[in-house]
Amino acid sequence: MKFGIITFPGSNCDYDAYRAVVEAIGQEAVYLWHKDHDLQGSEVIVLPGGFSYGDYLRAGAIARFSPIMREVVAHAGRGAPVVAICNGFQIACEAGLLPGALLRNESLKFVCAPIGLRVENTSTLFTNGYHENQVITLPIAHGDGRYSADDETLDRLEGEGQVAFRYVPNRNRPGDSCNPNGSMRDIAGIVNEGGNVLGMMPHPERAVDPLLGAPDGLPLFESILHRVHA
Amino acid sequence: MTVTARPGDPVITPALVAEHGLTTGEYDRLVAMLDRTPTFTELGIVSALWSEHCSYKHSRPLLKTLPTKAPYVLQGPGENAGVIAIGDGLAVAFKIESHNHPSAVEPYQGAATGVGGILRDVFTMGARPIALLNSLRFGSLDSARVRYLFAGCVKGIGDYGNCVGIPTVAGEVVFDPAYEGNPLVNAMCVGLLKEEELMLAVAQGVGNPIIAVGARTGRDGIHGASFASEDLSEASEAKRPRVQVGDPFTEKLLLEASLELIHSGHIVAIQDMGAAGLVSSSAEMAARGDVGVVIDTLKVPAREEGMTPYELLLSESQERMLVVAKVGHADHVRAILEKWDLTAAVIGEVIAEPVYRVTEGERVVAEFPGIRLVTDCPMYEPDARESDDIRTRREQDVDAIAERKEEADPVWTLTELLGSPTIASKRWVFQQYDHTVRTSTVVGPGGDAAVVRIRGTDKAIALKTDCNGRYTYLDPREGARIAVAEAARNVACAGGRPKAITNNLNFGNPKRPEVYFQLREAVAGMGEACLALGTPVTGGNVSLYNENPTGAVYPTPVVGMVGLVESLRHITRSAFSTDGDAIVLLGNNTSEIGGSEYLQRIHDVVAGHPPRCDLEAECALIDALLDAIAEGAVRSAHDCADGGLAVALAECVMMERGQQLGADIDLSAWSSLPTRALLFGEAQARVVVSTPDAAAVLATARRNGVPAAVIGTVRSTSESLNITIGTSRISAKVGTLANAYHDAIPNIMLRSASQLDVALASNAVA
Amino acid sequence: MSRYKIAVQVVPRRGLLDPQGKAVADALHSLGFSNVASVYVGRHMVLEVEAADEGTAREQTNRMCAQLLANPVTEDFEIASVLSA
Amino acid sequence: MSRYKIAVQVVPRRGLLDPQGKAVADALHSLGFSNVASVYVGRHMVLEVEAADEGTAREQTNRMCAQLLANPVTEDFEIASVLSA
């Protein structure tokens, strides 16, 4: 399966996403430059993390206008998979691929830490490799991760099973506050109505190699493989 | 060609010369070199290039004494960064740099642009940056101003590195009133390259175009280099407009574009426009290649209208590079920069005539013969004399200091020390740094050295910055030796063989004999240790004049150590992990308490001899530790440093909050030592190891001539750290220790949290 | 064509958590400005725009805000002033 | 005592690099708004303050800006308006 990894000026997790695809799940990956108009036949699109356009103005606001985003939106419109991680999540929200917005962390600080997550829906394209209510640990590294939307949207997300991941207390650190950014209803990741676009603040692509800690991001990539090949 | 004064430029007067920080002797030297009165532009150029920051005029004679060679050193001091080979055709470029003065005035931008500068130093060598480190010193956190400086620097470092996407993996932070008015902000960068892709900043090839790339030049930071070469005072406040603003986004583009340029074969040299901007980068590249250059300031892309040659040459606008391209390749260079939305402008040329010439269109505004602008800089070896006050402090009998009554319970003392901001967990700091980006950080901040794997090999590098300024204050030679030894020990604890260092000499005003003494002795000590440990110096930075009317900072020779982990299997962490493991102490305990954190924190005393640094013992310790690690016998290793053995043991049981263990320790073998020295003394050459195979560790230690003893057992079911010394028994709740250690800095920072958030909000882009 | 200097204000939508505004209020209180009842923080932008007339300049700026300068999900915008420059 | 609603604007000092303003201007250009000559991005704050009279409110706000709301090294501030609330 071919993964297309979009590189915006200021992307910096494109390399990690590429490595995860190629090394951890043995699939093909290509970098797609933001000025391109062609997804080069990629089946899965990754909007990686980083600071596209320096995150100036608002995270993701400027990147969403890159030429390649028109193709990504069309790709998503055809029901094809898009994985939007961290800055990618912010871009996807700005581009209207996902509802809501990601605002400055409530602490007003950047946070880099391993964080506990609960898989809320294991039937999605991206989560079928996890088991029901599985608690996993993934790294986060962001300053603007406070997911916000109006109540109606939040109710709909919950009602339709579109909340994919929620922050939970880390087993290893009782008492530590579980929500690192003040996101509404502890939301860490969501899918769109069609279930083919995933946006999440934590970094699954940084957690696929046991050398670096629990490879809890691996099932996410494997989920896509299973489902699309099934 | 004849140099003509620009209409409107100030006339050269003794006052103007003094304002430019040149002594009469230096000015006379300049006039002799030119054989005429300099123009205003020339005066500006010389003032920058002969500033301490650019010329090292008070330190170069000393630096020459440092060992710089080893078979694997590909590039020693003198380039933008040092480079060592690590096998497999790969090499590592690394360098440390200070941004102390800018950070004192505007902590966020000062620290951020410090990171930007050091990144550029590394990627101009053709290396892709893979890790950042830093070394920070502030006054006491009890002061709101210090909290502001601390929070601002940390945020500046974080925002910049995070945005560029380079993990910040290790560092150190020390709080001491000695740094009250003069914080130290040193940033280190490590990059990876293929040996054959090494690129040097040597201008060559007559007719080759000189190209300015990256950001446009504005009026920011003019005379930053000379600013960094004087004491801080009220007057420096007035120099605030010199502050530079960083743009990490442009830096990221510049990084990618530069690496693409270097690999493209279109260029022969590239250099960062750092301190003293265009003039220093062009003059240094010319001097290294011993060639002539001509620069036309009218061609420099400017951010503002009406900038003079003086301003364009001296501006320290960030995110700019100077490139020497091959004749006829300028368009290729431009195309690569355009891909990254950056500009490139041909602003000059390498010429056959041996001059350094600056024109403004047709008019020649500055011209120096040959490369004498760089080579003719005066060198000084001022008087050196140890301060009587410091000698008296060192000779003080600290053993005679009576214990406080609270010390009857050593748990109280231990808890106090763990809560000392210098010892306490720095999570508040490194949580703001992205240390997992690039997915190569195997061991991140929090333990001893960081470990970054080298993809495509079975190797990794281990990295750490270290220095104990209090030791160096009390005894500069011994303190500097310890700085190298401690960094080496930390790297070895992580499984790395110490290979080479970069260093940052942060001192006061060298014209004062007491300060020059410290500098001379510290450099000597550093050289001795590097020689003994086999870790040559590949580069560094000197930051002098770190003083204000109330005095100088502690002499602080920060060491940035790079070690090589030969196999990923050797990577070792600091914390205990496994029930029943034996705890082995490598090295010996002594009765030393001089210069310790214990004396400072508990008794408010800075005195005594710092612990003795036995370099032979350090080498043997490192060999023993690395042998035991290679044999697979070591589960964890943590060195004893600030706060001594008790603090090291406490850290081993609770440095990862939530993964706490207990331990039973027996130190009866040393019951003849004073308890406080045994627990909190900072004897060197000691490491605490946990192992499933104590016999193997002991045998390996013996083979290497290192004292070693089993001192206890890891207990996963116990919630206490129990220490037996003869008939006395100390029992500390691990949870209490953990709270003291982990909450100290967050709790202090809460005191002005909202004010800090607001004060730093203006800078927040991340 | 004339040049206009246009000031735009973008503010977080009421009801959303405004941690910056809260931090400012807390900080002012702790500095002794206890008479500050509330604060909110937004973005202030000044654009220099070439346009045929003020109406066009305004209309264009409105479109810039709607498309880029403000996030319709979380922010409101307002053109605070248009001056000839 | 009356209540005043005070708008304060904090902008990056002229001459200093304003990477944010530059990024926004570039983005507007690529969206086709080629008539935008420059953009400055600063902060807009609205404070509700209790004070005896408008003069006092203004004077206090000035002090808040100087002490906290603007970075004296890199920013300039201005009280844009004071309204009775």
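List of remarks:
Read from first to last, the chains carry the letters A, B, C and D; within each, the first residue is number 1.
Note that in this section contacts are C-beta pairs under 8 Å (C-beta built on N, C-alpha and C of every residue); 3 or more make two chains touch, one makes a residue touch a chain.
Quick caveat, the model's predicted, so the values are computed rather than measured.
Just to note, of A-C and B-D, the chains joined by more C-beta pairs in contact are B-D. One inter-chain figure worth recording: chain A and chain C are separated by 30 Å, centre to centre, where each centre is the mean of the chain's CA atoms. Averaged Cα coordinates give chain A a centre that lies 35 Å from the centre of chain D.
As a whole-number value, the distance joining the C-alpha centres of chain C and chain D reads 9 Å.
Counting partner chains per residue, chain B has residues 247, 249-250, 341, 755, 757-759, 761, 765 touching two or more of them. Counting partner chains per residue, chain D has residues 10, 19-20, 23-24, 27, 31, 41, 43, 68-69 touching two or more of them.
Within chain A, the positions touching two or more other chains are listed as 53-54, 56-57, 61-62, 65, 104, 108. Viewed as a contact network, the protein chains are fully connected, with every chain touching every other. Residues 20, 22-24, 26-27, 30-31, 41 of chain C are the ones that touch chain B when the two sit in their complex. Taken in their complex, chain C has these residues touching chain D: 3, 7, 9-11, 21, 24, 27-28, 31, 33, 35-51, 60, 63-64, 67-69, 80.
On chain B, the positions that touch chain D within their shared complex are 105-106, 109, 215, 218-220, 240-241, 243-245, 247, 249-250, 303-304, 317-318, 341, 755, 758-759, 761-763, 765. For chain A in complex with chain D, the touching residues are 53-54, 56-57, 61-62, 65. Across the complex, chain B is touched by residues 9-10, 12-13, 15-16, 19-20, 49-51, 53-56, 104, 108-113, 139, 141, 143-144, 170, 172-174, 176, 203, 205-206, 209, 211-212 of chain A.
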